[in-house]
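Next come two complexes, and both contain subunit A; in the first it sits with subunit B, in the second with subunit C.
Let's turn to the complex of A and B:
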């Protein structure tokens, strides 16, 4: 059976929730799809146990109010545990497929969010090396602390709530290593605190870290990870780095978990399959390009595609909410998008832009690699293999390297390594965008398809 | 509290947790061994993007532990 809705929203985070709410309030019939078991996305990820959720979240009230408003709105039908793995345009309709359902619509709002940006380094495939987002998801979604002795590292304002959350709930943080230098970091934090837009929630975390005597080091990064005899993470090499990320000196730190994040990568997987225009943003990430109504650019006049939230550029939950509201109203053809809403969005975007300059990822990370370091985790392609493709086989860009070495061709379809490979090749914009475009949104096995009777 | 098995051993979990979270609580960090180098892998991205946390769950291979909720009586196995 094919499920039809006037408007389909893909993604139930802040952007998608607000888009669904505003579109429904404007009279539209809305379907809201998310792969998770609960609504809320990354920001309002929760366990479903109210007492736990309030303890984990800085402002869960706002989230639970919005989630309730969506769940109780008769104009909105919510589809959970529904991972969309393929999308196509068939007879001038947009068709989305999950394992169990087929959805059809003329108007789609993409609100697929983002995931942690990772950069490769020796040992990053050892169990125990995780993303900062993974540590956060474990805590917020399952109430679990990722390990016994945790290093939090990388760059960006997100490291602080992750470290503080773990520390507040009794976890032991052996160090927070921020790659940015203190002067620029202080500038960033001051901007954050003064701004009405919170890129990450709450500011109590600095107090928490101080109170729990958690050490915060600037100009430091984890440049290698080491496993014990059991194959699990035992220690990391910490480097004092210069502004270009070149190593000045190193020391070793014992830990069983290293939670590392270099900002976020927008999830635009769906855009390539729909032939929606993407571009490279000021921070080097590939985003879905939208107009003033959050409408995406594509060539079929009989369908409308909008995008909101992190998939149109990293900016935090408040920007995602504003963009979602505008996308919802625009998709419902409601003329009531206020100038105030547009102004709010513009200010939040500007702020996100300013902040992103405080936390650059400099190219010196490439000097941390050894010939055996995996670049592509899925296909286990080493740095040496990628280099040989460039130096001996004549690969001039990421797509060339992919064809020659299979890097970026594994299960994750280049989501984790794509950005880094294109950085290794000093990727031009077209190469970067095409590397990020994939025909299938989420890989599923032929066996799974057969099992569900789809083959 | 519910119980599930990991490689045949019975473990405790809290319902509503992901399989990955339940395994970590029980000090189990390796979910699979890779195809080419046979090296151990575990949770990485935590949100269903990287496909590193693949496990055999109730007989089905290639299941992502980080986005699968643990259920009472579930059988979970390392994927090789």
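Let's turn to the complex of A and C:
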């Protein structure tokens, strides 16, 4: 079955929702595709039970209003639980393939968001070590607290709502370890003040953590995880680190879950298949390059591709909403993109930029690795093996390392380790972009691929 | 480098590095240049085939047989480390016409030193229990083998470096120096290098390199896709392909040709090739090609229908109009040697080609005549 829409939006988080809403309000016929069971994306992930959802989110009102606006708009057709496994350009049309449908359009808005960034350290493959986003998804999507004694660690403003959320719902947080220094954190406050909503939000989390006597430590990181006799996480090594992430001193902390995230990695998997221009952002992540109208740069004049939200650079929900609105209007060819909207985007961009400076991931994490530390968990490739590929076999980039050691070749296709491998090789722009491209977005069976009628 | 090299090799793929290794063993000092890194072109885009089964009798088969044995000698010589495996091939025929063709091919191959056992239903399904029950005829080729070509090339390169050879990555050749009909060196973005012998081993990109010297090689890209499954329990035990593959390889049609080549790997994944089409260096993925490959693989192994596809990749084979590699000295420029155009058989043919070229450079007699591979065969075409 081939489904046509004037505009297709891929991703139902803040950026995609707003893009669909604005495009539809400008008169366009819109299809909104998301792999989840409910709209909202990671940011507004919810259970569907109103009382639970309002308790889990600090501002679910905004999300539920937007989701309702999209669901009730007759101009928007929503496709949920629809996992797109590939995208390509066929005969000057954009084709998106799910298991049961083929979508065809001339205008695509990419709003695929981001996922947690992990960096490897000894023991990060022990059951019980998860990402902060996973802990958050368990809480927001299912009302489940990830463990009995939880360490939240890594860097970024996201750690606070994760820890506060778990704490508020009765989970025991044994420590929040923020790698950034308090002084640089305070420096960011000047920008934070210009966004009063954000500062109220931030202080709210800190208040919750204080009330529940949760310790928040700056300049600290989890540098190793240790399993007990049962193979499950029993404790972590916490290090006092310098600004380059080198270890100054360590102590041990008992826990059964360590929720660790180092910011986010934009999901640009499909950009390579569509041949849209990408670049490496100031924080080292690969992003889709867009113009002032959120339009991506590509060579086919008969199609239009836009991108909004985290896939154009990590910036949070407010920036995603502004970018989504602009992308939606631009795709609908609405001449009325207001200066106010562009101003809103600029302000949110500045805010995001400052945040990324407050929470850098310094290269010193590489000193935490031992020879046996797995770099690629899917294919179980150790740091030693990757180093040998570089020193003895002449691998000079992530691609070379991958082809010689299989790192990044497993089930996740480098989503988890790709960025770190590029960092280990101090990879150039081309290598980083290639490593982030995944033409088969999600595995499908060969039987499904073999179906007649597949474009 | 302190002293000028005896030979410069353009291209650090399996062909260039094999050639450099051969020359190093003969006592020459080599300099290898590549615009990328080691094995970053077509070498890294195939399955690592070392096949004799897909060759019709002729000079390429002789080269393939010598090469196949040379791979195993090399494995001993450099201490392994590149997953060389006598994987053995199983070629199946599904139509009466196909069976007849296959039987004629194997009869001819046996006369040229290939071990090919014609087998029927029971034996076939004992070798490959998951093969479609409707397939009743095939041939078993115990000489077909496989290696990990990136590792093979990288290991050979370290061996060369240990013996004083040099490699510069990121060096794009922008000019070839010719004086009085004789090559004298190359110009790159990393500087000028002088040598009395320059070897063009640039694979799919060998045409433009020849052009830099004012010469001509009609080598064009022939695109191919490979599907890779998620890791599974062992399902496929040999390199299994449809007899139509041999005809496809030899075809001169620029349109799409596909014939499933299916095999399991040590890492548990299943690889499915092979498509052939001449569409230039077109990027992106053509899902129609992927669909046909999946269909053909399932026809051979119905069990694959439920196995998940993890990824797909493509490469560009160096295609010469007569499907034969170009191995020998340039007809117009002395000291300029070509070793390129091995199409989809470059891994398998590498050590033999290297030996043939090296013997040519050193003026030694070789294990076979290189006349069929001579670059001068295109001169007549150029004159037209």
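FYI, the second predicted complex is superposed on the first by the 431 of 455 C-alpha atoms of A that agree within 3 Å, B and C clash if a C-alpha of one lies under 4 Å from a C-alpha of the other, contacts with A are read in each partner's own complex, and residues count from 1 in each chain.
Assume contacts are C-beta pairs under 8 Å (C-beta built on N, C-alpha and C of every residue); 3 or more make two chains touch, one makes a residue touch a chain.
Remember, it's a predicted structure, so these values are computed and weren't measured experimentally.
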Subunit B versus subunit C as contact partner of A:340, first or second or both or neither: neither
Partner chain(s) touched by A:438 [first = subunit B, second = subunit C, both, neither]: second
Partner chain(s) touched by A:411 [first = subunit B, second = subunit C, both, neither]: both
Touched partner set for A:249, first subunit B, second subunit C, both or neither: neither
Contacts of A:91 with subunit B and subunit C, given as first, second, both or neither: neither
Intersection of the subunit A residues that touch subunit B with those that touch subunit C: 379, 410-411, 443, 445, 447
Residue numbers on subunit B that touch subunit A, as the complex places them: 14, 16-18, 20-22, 24-25, 29-31, 34-37, 39-52, 54, 60-62, 66-67, 69
Residues of subunit C defined as touching subunit A within the complex: 37-40, 44, 150-151, 154-155, 157-158, 167, 169, 227, 229-231, 267, 272, 283-288, 290-291, 294-295, 297-298, 304-312
Subunit C partner contacts - residues on subunit A that touch it in the complex: 86, 88-90, 95, 97, 273, 275, 379, 389, 392-397, 399-400, 403-404, 406, 409-411, 413, 438-440, 443-447, 449-451, 454-455
Subunit A to subunit B touching residues, read off their complex: 35-37, 42, 47-49, 83, 115-116, 118, 125-131, 133-138, 141-144, 146-147, 231-232, 267, 377-380, 410-412, 415-416, 443, 445, 447-448
